[in-house]
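Following this line, the structures themselves.
The same chain A turns up in both complexes below, where it pairs with chain B and then with chain C.
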Partner chain A sequence: MTPYIAAQRLAKTFGRKRVLDDVSFRVEPGDVVGILGKNGAGKTTLLELILGFTPPSSGSVQIFSHESFRMPGSARRRIGSVPQQDELLNPLSALDQLRVIASFYENWDSELIDNLSRQWEIDLSERVKNLSVGQRQKLSILLALGHRPDVLILDEPVASLDPIARRQFMEQIVSIAADGARSVIFSSHIVSDVERLANKIWILKDGRLSWQGELDVLKESIVRVHVRSAAPLAPDFTLPNALSINREECHATAVLFDWKPHILKDVESQLGAPVEIESLGLEDIFLELHR
Partner chain B sequence: MKAIGRLMLTYLTGTPASRWVSLTGLLLIAAGSACLLYLPPLRAGIGQSSSFSLGQEVMLLLLPIVGVLLFFFGTALIPRIVTHLAASHIIGVLPRGRLKILASAFTTLSVVTVISGLATVVHFLNFPVSPWTIFIRATSIMFFTYTVLYIIVFWIGKTRNTIGVLGGAMLAIATLSLPVQFIAAPTTPLHWPVLGTLLIWGTVIAGSAFASHFKIACLALGRRATLGNSRTQAAKLYKPGREVDLLIGVDRPWVLALGQVVPIVIAIFFISRPSLWLFYFALFSSISGAITSLAAARSRPLWLRTDWSRSELFTRVEAAFWRNNCYAIGVLLLLFVAIGIRSEFDIVPLAMGLPLLALGTGASTYLGLMMTRGVGALEAFLAITTMTLLMGTAAYAAEGTADIGVVIVLESILAIFAVGYRHLAKRRWSSIDWTMCRPDRTLRSAS
Partner chain C sequence: MAACRACRTRRATPRRSIHSSTTTYHRKTPSIAHSYWPLYHVHYFTNSLDSQNTVMFILSPHSGVPIYRQLLEQIRRMVASGQLPPGTELPSIRDLGVKHAINPMTISKAYAMLEAEGVLERRRGKPMTVANRTRVRSLPAKRLQQLEPHLDQLLLAARQLELSESEVVRALRQRWEKSNDTIHRRTAAR
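What follows is the complex of A and B.
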């Protein structure tokens, strides 16, 4: 299957600062990709590279088989984007703001927008400048959804939304991706939302993709193990692929990366002690990867 | 008193830069005044024998003037801190917070004014006017000048575009010439600056005293307006077919065009000389092109939603800005002709002024469009060069003795600048990188 987006050894530098380095990925139709990373990890820059706002310093990123920086209008019309800072026009009413953006698209789905604005309780007669931060965020999302884009790119889309609005937003994203023909890429600091919504996770650390893949695979490959030995453990006791390890005489707790079930048997037979496996949530995994 | 003292100290020494600037200013005032008081009289400037050369005398005379300027700019934190504190929630819980902030600003301004006034008395010591008259005139006009300058400094800090900053800086320079006009010509009446000072400070004090009532009234008014007119007013703003203008912020050209009328009409009471008028108008011609420096950041949503390539986008944005600027320059030219006829300008400044104003708008428009990567050393250099050329040409063209040939050459250079900037802008837009002109980046540049 031809991916919607494909990046090869993508790098971006600003002056001497290398923001992204050696990033490669593919986004297939139907993917919902959640990007996690600390502040300054390069999430926004990565999204801007995909959107063609900036050229890569090296490597390439293609969207709908076009170099993103030079993609034609036909490709751009298949993208919906919610920027981190909204680009709404304060003097207009919310309805006119929608009308302005709708005028650029021939396939604007007014019915969808009407339904969503009712469901999300956006007062369309209100001026944009009078809307709350959360309402502005919702309006920005509507502007990105109206032309039913094939790829939806959202930079921190739920940061200002209340839990109910976040849930409604997520339901909408799920319904977009449900037909298997569209993709969503979003960055967020709310790990629980990413966990609930994404089927693929990209974890950015210091400009590199420290992990990318399906959420389930990630959860299976990073686990916490508890070792209880009868004899005191050696001071240099360690486990293969340990991200972190805590030792207390006969007891050790470690978080292991790239965990395979056979490792359990190897460790148990090596120590002659039982080893317990504990699954980690995405938040714990994220924290462990950033230790 | 402790809070007022602490605030005053913060205004003068809040940052390392302000600390050094204030201190250097004070030292220069003291050193310059001491030189003027205790050294032999400076007579070379009036053609008499003197212990000093003309150059040395100029340097000695400049010392306290530079000191006064530095001492004033050392307190440039006042507008920033005062507005920040006055708008914060904490002001509501601090005992007599508003009063103390206002008192601290007023006292600091008074201190700066009195020191400047004393330096002026020393500067004009050999003039046949009583020191008391000089002091009264100096403090009256300086208090007004500094108040206006604080407002300009505040505006420069808040404005989001580069040429706006430059315009503010030029306005500040123009304002600094006020004291010279009023102090050096003792017959100039003082009622305008005194009235201006009373008006500004009266507004500030009233605003401060009734801030909470004012806020509530504004909110109520805003709510009523929102309930009553929101839909109709908003509907007036959006006209199908003007989407591009709306997105890049040039959908209301008359606001800028008519906004120029007010300060120009006010200036009729202060400006009489053609050279000052042309200078003033030239300043406006450059400001009318100022918003173009925001074009790059605002064009991003357009690129994502249209079929236009980056080069086509430049053409569309350029056209939209010219549609907007045409109104502004049109009004400016009409006003210039009207004031020229009323003030009986010579035909030369009038004839040379019209193309100069158009060129000022053209050059600043393309200078703004060229700024697709914030303001680097090149952009700053070009902006300063262009403004200097524009202002210099304006000042020269308005002189009665100006050589028309020289004015034409200067205006031709300005035209070449505009064409060059357009070429550069077009080339930059063909590969525009929107991460270099994000709104937050623009803000950082302005700061």
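What follows is the complex of A and C.
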């Protein structure tokens, strides 16, 4: 299967500042990718490179087999995007704003948009400039969904939404993903949403992808272990593949990566002490990877 | 006279379940089948499990255990115990995904693994169904294996509470006998 998006050793510098470095990835049809990273980790820059808003400093990124920065209109029409700062037209009514965008597309799904604007309680008669931040965000999402894009790119789409609106948004993303032929890439600081929606996770740290892969694999490969020994542990006691370790006389807690169940027996026989395994949620994993 | 959906007891005065407006069941609290609904509430559905019944699984996305694994283990347990009899149709991937707001690929991964194991089967144009009992009825050792994570949890809690082995074993045996009584009473009442 040809991937929808592929990047090889992508890098971007602004002046002397290197914002992205050596980023490579693939996005296949049906993938929902969640991007996690601290503020300033390079999430927005990465999304803008994929969208072709700016050329890479080195490396390349293709979308639908076209160089992103030079993609033809036919490729662009298959993409929907929600920018971090909305680009709505303040003087228009919400309905007119929808009509303007709809007029760009032949395949605009007005039935879907009508249903969603009712379900999401967007007052279409209101002027855009009078809408609340949350309402503006909902409208921006609608604008990105109407032409049923094959690739949906969202930069913190739910930051201003209440829990109910977030849930409605998530249901919509799930139903897009259930088609199997469409992909979603989104960045978010709400780790619990990423945990529900994404099958793949990219963790950006200082402009590099410090971890990328399937969420299930991530959860199964990073664990916290608790060691209780009868005798005091050596001050330099450590465990294989430890991301971090805390020692207190007879007790040690460590977070290990590349965890495999068979390691448990090795460690236990080596120590002669029982070892307890604790699996970690995505939020804990994210924090551990940023220590 | 209505039958209790949880234990099939017939009673002259049925009560409404708190879990479903259409379900009748016969007492307010006691009995494991009634009070511990996460494990047993599938009783309510066994006769009419259709693609709309997406609430029978308890999925917590924020647990360290991947969602596909949670689903896999719950279905495996329910099938092994006969709570999901052969031929039962499972909810569609889309319905389950939208209902729980979780990635559909996670669900299809669990379904596919269970299909490979022979627990579920897929027929063209039909929902996933529980495969024939003869093929899925697993050996006690295999079923015991599924209990292991729960035993580990019990062990961990017992250690933290500084309980001795004999105390834990005694408590477990008492619980076991108590639940036996409930099951006997239930069978007698049928």
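Assume the second predicted complex is superposed on the first by the 291 of 291 C-alpha atoms of A that agree within 3 Å, B and C clash if a C-alpha of one lies under 4 Å from a C-alpha of the other, contacts with A are read in each partner's own complex, and residues count from 1 in each chain.
The working rule: a residue touches a chain if its C-beta (ideal position, glycine included) is under 8 Å from a C-beta of that chain, and two chains touch if they have at least 3 such contacts.
Computed from a predicted structure; not experimentally measured.
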Partner chain(s) touched by A:30 [first = chain B, second = chain C, both, neither]: second
Touching partner for A:198 - first (chain B), second (chain C), both, neither: second
Touching partner for A:178 - first (chain B), second (chain C), both, neither: second
Doubly contacted chain A residues - partners chain C and chain B: none
Touch list for chain A against partner chain B, complex: 14, 45, 48, 51, 53-55, 72-74, 76-77, 79, 81, 85, 87, 89, 91-93, 96, 99-101, 103-105, 125-127, 130
Chain A partner contacts - residues on chain C that touch it in the complex: 61-69, 93-94, 97-98, 100-106, 109, 156
Chain A contact footprint on chain B (complex, rising order): 222, 226, 230-231, 234-235, 237-238, 240, 243, 246-247, 300-301, 303-309, 431, 433-436, 438-440
Chain A to chain C touching residues, read off their complex: 30, 32, 167, 170-171, 174-175, 177-178, 180, 192, 195-199, 215-216, 219-220, 223, 276, 278-284
